[in-house]
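Two complexes come next, and they have one chain in common, chain A, joined by chain B in the first and chain C in the second.
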Partner chain A sequence: MSENQNPQGPSRDVTRHDGHGTVAQTDRFVDPGVPEHRPRLTDTDPKAAKRNERIIAILFAVSCLGTIGSIVAYFAVRPDGTTPGVRLSTVLLGVAIAVSLFGIGFAAVHWAKTLMSNKEYVEERHSSSSSDEVRGVVQQGFKDGLEDSGIARRPVLKGAVVSALALFPLTIAVPLVSSVGGDWNVGKFRHTLWKKGTRLAYDPSGRPIKAADLTVGSVAHVIPDVPAEERESHEWITEKAKAVVLLVRMDPRDHKRDHREGASYDGIVAYSKICTHVGCPVALYEQQTHHLLCPCHQSTFDISDGSKVVFGPAKRPLPQLPITVDSEGYLVAEDDFNEPIGPSYWERLK
Partner chain B sequence: MKALAARRHHRLAPVVLLLLALLVTGGVYAALDPSPAQADTASTADIETGKKLFQANCATCHGPNAEGTTEAPSLVGVGAAAVDFQVSTGRMPMQMNGPQAEAKPRQMDEEQTAALAAFVASLGAGPAIPTDEQVDGSKGDPANGMALFRTNCAMCHNAVGAGGALSEGKFAPPLFDTSERNVYQAMLTGPQSMPVFNDANITPDEKRDIIAFLDEQDQGSAGGLALGSLGPVSEGLWAWIIGIGLIIGGAVWIGAKSS
Partner chain C sequence: MSTTTTPHATAEPTTLIGKSADYLDQRTKVGVLAKQLVRKVFPDHWSFMLGEIALFSFVVLLISGVFLAMFFEPSMALTTHHGAPATMDGQLMSVAFSSTLDMSFEVRGGLLMRQIHHWSALIFVAGIVVHMMRVFFTGAFRKPRELNWLVGTLLLILSLAAGFSGYSLPDDVLSGNGLRITDGVVKSIPIIGSYMSYFIFGGEFPGEHIIPRLFTVHILLVPALILALVGVHLFLMVLNKHTQYPGGGRTHKNVVGYPAVPAFATKMGGNFFIIFGVLALMGGTMAINNVWNYGPYDPSPVSAGAQPDWYMLFLEGSLRLMPGQAEIVTWGDWTLSLNILVPAVIVPGLLFTFLFVYPFIEAKVTGDRGEHHVLDRPRNVPARTGLGVAFLTAFVILALAGSNDLIATHFALSINTITWVFRILFFVGPVFAFWITKRICLGLQRKDRELVLHGHETGRIVRFANGEYIEVHRPLDEQERWLRVNYDVRRPLEIEPATDARGVKRKGYKKDKRWQRLSQFFYEDRVEPVTPAELAAAHAHGEHDELEPQHDAPALVAGSGSAEREH
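Moving on, here comes the complex of A and B:
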């Protein structure tokens, strides 16, 4: 404990002159020091101390009960695989463990606050550097080592050790950068699985879609028709992410304009489902207004009018997939998208 | 018993037995036969009642012959399923114009709804009311239903069917309290902003799988408090207000001097 004493010498008071006379001003506050210590009720009243001791003991006892409760809950209520069973088990375990931990925490804090000493201590900082003597020894050690290695006299060794040490990080850096970069071919953003003659299929079942099956007002979530085993492959999810299409049939009288000339078929339009803003799947289709809404940032496309952006941050219409009908009545793509799908990137040039 | 035994050879005995057998057979048949679906019971009388109800309650907007007006669409060919969905959820007759017709306590009872459905179905072919068998979620596959729901429904109705907002005051309603029959009918007919998912797009079996998935959601979340299943909005509110509030309270308590 220390009394409040200003360790610095006389304070640097300044005297200022203004128009009316001389005003003495101090540029620093006087350190008010540690406030006077006031004893707590538990310091003066043994009854209060006893009462708080009991409270702390009860809190610890509550914690013990919580621990026992959690073990009982673990053995008595096993998750049985049903949703309510799992929930009951989780909730019981969680509550019991919470009681157990909070009991210890509350008791410890209450103990420290009411019974442990609350006198104010001041601990002065001390220098964290080593003594000059110790520093001298260490420096001498380095010097001796350097002298002993003879590196100053053997320049070949100097070059060799620097080369070896400098090259070693490449063993980590090269594989790391190579795997992060992976594939720098941005050209593949321009192409999807769609090509002339690929049938449109329902997602996720993979059944091909007949034009006649789409009634007016229908919407279908579409993937390219590929063999089922390809849909199980690792690459599929990447390709699917680029190729998904939303297929809508509207009354041909409502259909004002295609985004890509002649891409629709009898009121059936197929637009990429990847938002041109940041690539969320745009799929909230309002049947009555023909508005397609992106759930992430509320970009809204009017797909009766060439998927024109009518609201929100998207900058371009959604790319349109040109479709027609094959000899068996199934919807097929006439071509791939003629522009990159999804959000902008540097090399998009469009 | 003796009297009965004596009359066994009475010449009317076979007739009495035959009558008894017919009665028993008829009674058992009546008790065990499943009641036929509503759509099949549409009689001329039903259609007449439906027409009267229609002219009293619906014709103002939909036109005297359901041909549609500038206010409301034509009902020719929408089918009994659409009528049953709109009327049994109370969406129709509509209370007032708004962004969309909202569900409210139904204005027509079962019989009136059936009569209206029969009348509208008589105007032109359209989807019929699904049978109890078709909408029985316990016969569906909830796992397949989840895959279908995720692709076709979740973007508007939320991952577990808690509903969500659309544009300009329209919204996709929560599905927790929607009956299995209404869920099926909504997919089939595409009411209001919702697109149509006909039987070629989502087959009747797949529709039942979706219902099975939605039935599973009635049990709530295995993790405990779902906070309305609304995702980051309610969870963020909970974490920021209640969670951080508790932490601040704890810090203040630990730092406060004991009296």
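Moving on, here comes the complex of A and C:
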């Protein structure tokens, strides 16, 4: 082994700093210092430097071409409103912009790596804290300031200023918070558009459903039958978010039980489509097993057995809409849901 | 110009730049600041570029975001869409969705900007995460940088908020269902959940306020906070000076590297263009979030196999894994949805709490009050490295669980089985990952010792005159060796005894004892670095290496030419 040479760096960190949570060891190796600087090929060979200069210049030139290309692409390729047309324009523009940016980026990095000095410098660090002297001055400053304010001698003012400052945000917060929640009537969670006699209609056409139209094994996405013009409003979207129902006709022999006593009609069951977990539409029906799967978090309900949860993060069965047929043979609701649809919330059972 | 006392007397400026600088300096004293920064030394390492990925992605987000904001209309008013794409022509939809379609199909470059914006968001969060991994595993969060770690963790949370609020703006089916899940999670919060839901949506879900509200959050509140915190983050980075990797001449009292101007600034600037270029290329060639395929938000449909953006996968997975039985009805018929609260609030809460408190816990169990500017090699702090890997394992398992449906369909597996496997893995995986990582670290440390003591294997077999064979080992050069011996070994805390000299019980002993146990968890197993004495002993003892082969070997090799040729 060769002897350690003198460290080239400014510091020989031979001994431990105290307070590093370690036991000081006297028997330590000596810092060999910053490794010797090794010149690059471009530092020693003017030809290599010249070659790299050319490369960098070419890269910048490529960037210019990319910019020109992007402008050409912008004007030359007009999207025609079709997806392929838009895609073409997007690809050409994107690639041209990328070329423009890459040219600059690679040129700059290559320049820095080959032609700019890569000599290491060593800079001293200073303690992150200020000196005791400075701290003393600051302390004194605050002390003097406090003294000048006289707050220590006038405790009433202390209380007064704290109260005023603590209260004034209410001037903004109260109007904001009280308005931001609309009417705050969370009781709306309990009601949907369904009521006695509302016909079941196909989503999204709005055509009422006849019981006779449903064959065994068929599934229908259902909304309440309301006039078409009423379905073009926000109120409708919000109501639809609660009212959507999944209708399934199964062989009555397969149907073990209803979730809500007597709610089904001749093997036709209507369950809320809104998952009792966090509210995704439960849309995947498996005909053989009568399992209904939520595609978001895989809660699985057995709708032949009162939609009880057979797997996944939901706890409760889907609420069931009681249905029957009217005199014309259309499926109608007998009542609204008798429990809030969708995810659980604190006062759900109140 | 004032008469100057600096060694290089500055003459009256003649160039335009010189004149501008003079003008500015006479009014702002900016020269003082520039003096600090122009030749400021920055250490160089590829991993210091990870934070730049996040920073520059954010800049690209701002640029592309301004473009999008010119064309996006954050309104939920219903309108009949006219124009491309043909599938959406004549459909009733929100103005937000309609303007998203217009900016994709009518505005040239609009779709490109949307895609660049979306990809940048994904890379932004990814950049933050890998940057945090670098900081964590190298111990860069230690004093004096704990505060900057906190700022960084806040930035991570804000980046998630930015991503989430932006994802929901187009008002398509996917994002609408994402909002609905959010609504379900919010409602699960005890006591105030329903009112929180009204607070967010201005009434019942979805209502007509959420898009404009999210828009304000997305383009004003969150970016303003991110910008401010990025400012603080970079200011603290400059103030504390950058950390440096261990190596010859690198100490806690210096910084070794390259000056800001020109090489460092040039590389950084070049890096911005390269990152922007990558994002432009991704935006141009990789389609993302084709909202016209999903259609405007409608509460009824949902698409199977839908995934949130990657940074939300862990929450999604967490929701998927939790069994439903946890939902309970408490006294007084109040519903407590632990099946949602635990995975969506408590699990992420724990993950972020770990990030926030870790630097302080480690400092406490290390009994460490010193400043650290030289980074740790991850192997030299096995417990920390193990904890970090355990954390990532939990995160990755949750994220994979968030794609359990895709795993099921791609590999033709039962979704129920996959879910059960992940449920178990979530608890077992991190523990196992911790254990195995710690063992690997200790193994690597022992390997370092081995290398320092015995040198590199050369593959050269030598036969002695007495017939003994040895393999010649080449000793490490001093830089290689210094890297492997120059680290602090931390030991478990030593605490005052339970009773004082007179046998009186000491207050606070139990607390100390708890910290000591934690400290033992961290530092009980450790590998000490080689000392010069040990190395000397190895030399003296080393009949098989360190025989100064360059002097002795030729004589010894004489009879062993064949052995040497074999290698």
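The working rule: the second predicted complex is superposed on the first by the 259 of 350 C-alpha atoms of A that agree within 3 Å, B and C clash if a C-alpha of one lies under 4 Å from a C-alpha of the other, contacts with A are read in each partner's own complex, and residues count from 1 in each chain.
The rule is simple: a residue touches a chain if its C-beta (ideal position, glycine included) is under 8 Å from a C-beta of that chain, and two chains touch if they have at least 3 such contacts.
Note that the structure is a prediction, hence the values are computed from the model and not measured.
Asks: For A:237, is the partner it touches chain B (first), chain C (second), both, or none of the two (neither)?
Replies: A:237 sits against chain C, while chain B stays out of touch.
Asks: Does the superposition put A:155 against chain B (first), chain C (second), both, or neither?
Replies: neither
Asks: Which partner does A:202 reach: the first (chain B), the second (chain C), both, or neither?
Replies: After superposition on chain A, A:202 lies in contact with chain B alone.
Asks: Output check: A:227 vs chain B and chain C. Expected answer is one of first, second, both, neither. What do you get?
Replies: Neither chain B nor chain C is touched by A:227.
Asks: Please indicate which partner A:94 is in contact with in the superposed arrangement: first for chain B, second for chain C, both, or neither.
Replies: A:94 contacts both chain B and chain C.
Asks: So in the superposed three-chain picture, is A:107 touching just chain B, just chain C, both, or none of them (first/second/both/neither)?
Replies: The answer is second: A:107 touches chain C but not chain B.
Asks: Could you let me know whether more residues of chain A are touched by chain B or by chain C?
Replies: C
Asks: Should A:118 be classified as contacting the first partner (chain B), the second (chain C), both, or neither?
Replies: both
Asks: Have a look at where A:287 lands relative to chain B and chain C in the superposition and call it first, second, both or neither.
Replies: first
Asks: A:295 contacts which: chain B (first), chain C (second), both, neither?
Replies: After superposition on chain A, A:295 lies in contact with both partners, chain B and chain C.
Asks: Of all the chain A residues, which ones make contact with chain B and with chain C?
Replies: Comparing the two interfaces on chain A, one with chain B and one with chain C, the shared residues are 82-83, 86-87, 90-91, 94, 109, 113, 118, 203-204, 221, 281, 283-284, 295, 298, 311.
Asks: In the complex formed with chain B, which residues of chain A make contact?
Replies: Listed in rising order, the residues of chain A that touch chain B are 40-42, 82-84, 86-87, 90-91, 94, 109, 113-114, 118, 202-205, 209-210, 213-221, 248, 281, 283-289, 291, 293, 295, 298, 300, 311.
Asks: Note which residues of chain B are touching chain A in the complex, please.
Replies: Of all residues in chain B, those touching chain A are 147-148, 151-152, 155-156, 164, 166-167, 170, 172, 190, 192-198, 200-201, 206, 216, 219-224, 253-254, 256-259.
Asks: Can you name the residues of chain A that touch chain C in the complex?
Replies: 1-2, 4-5, 7-11, 13, 16-23, 25, 27-29, 31-35, 74, 78-79, 81-83, 86-87, 89-95, 97-102, 104-113, 116-125, 127-128, 177, 180-184, 186, 188-189, 203-204, 221, 223, 232-234, 237-238, 240-242, 244, 273, 275, 277-281, 283-284, 295-299, 309, 311-316, 342-350
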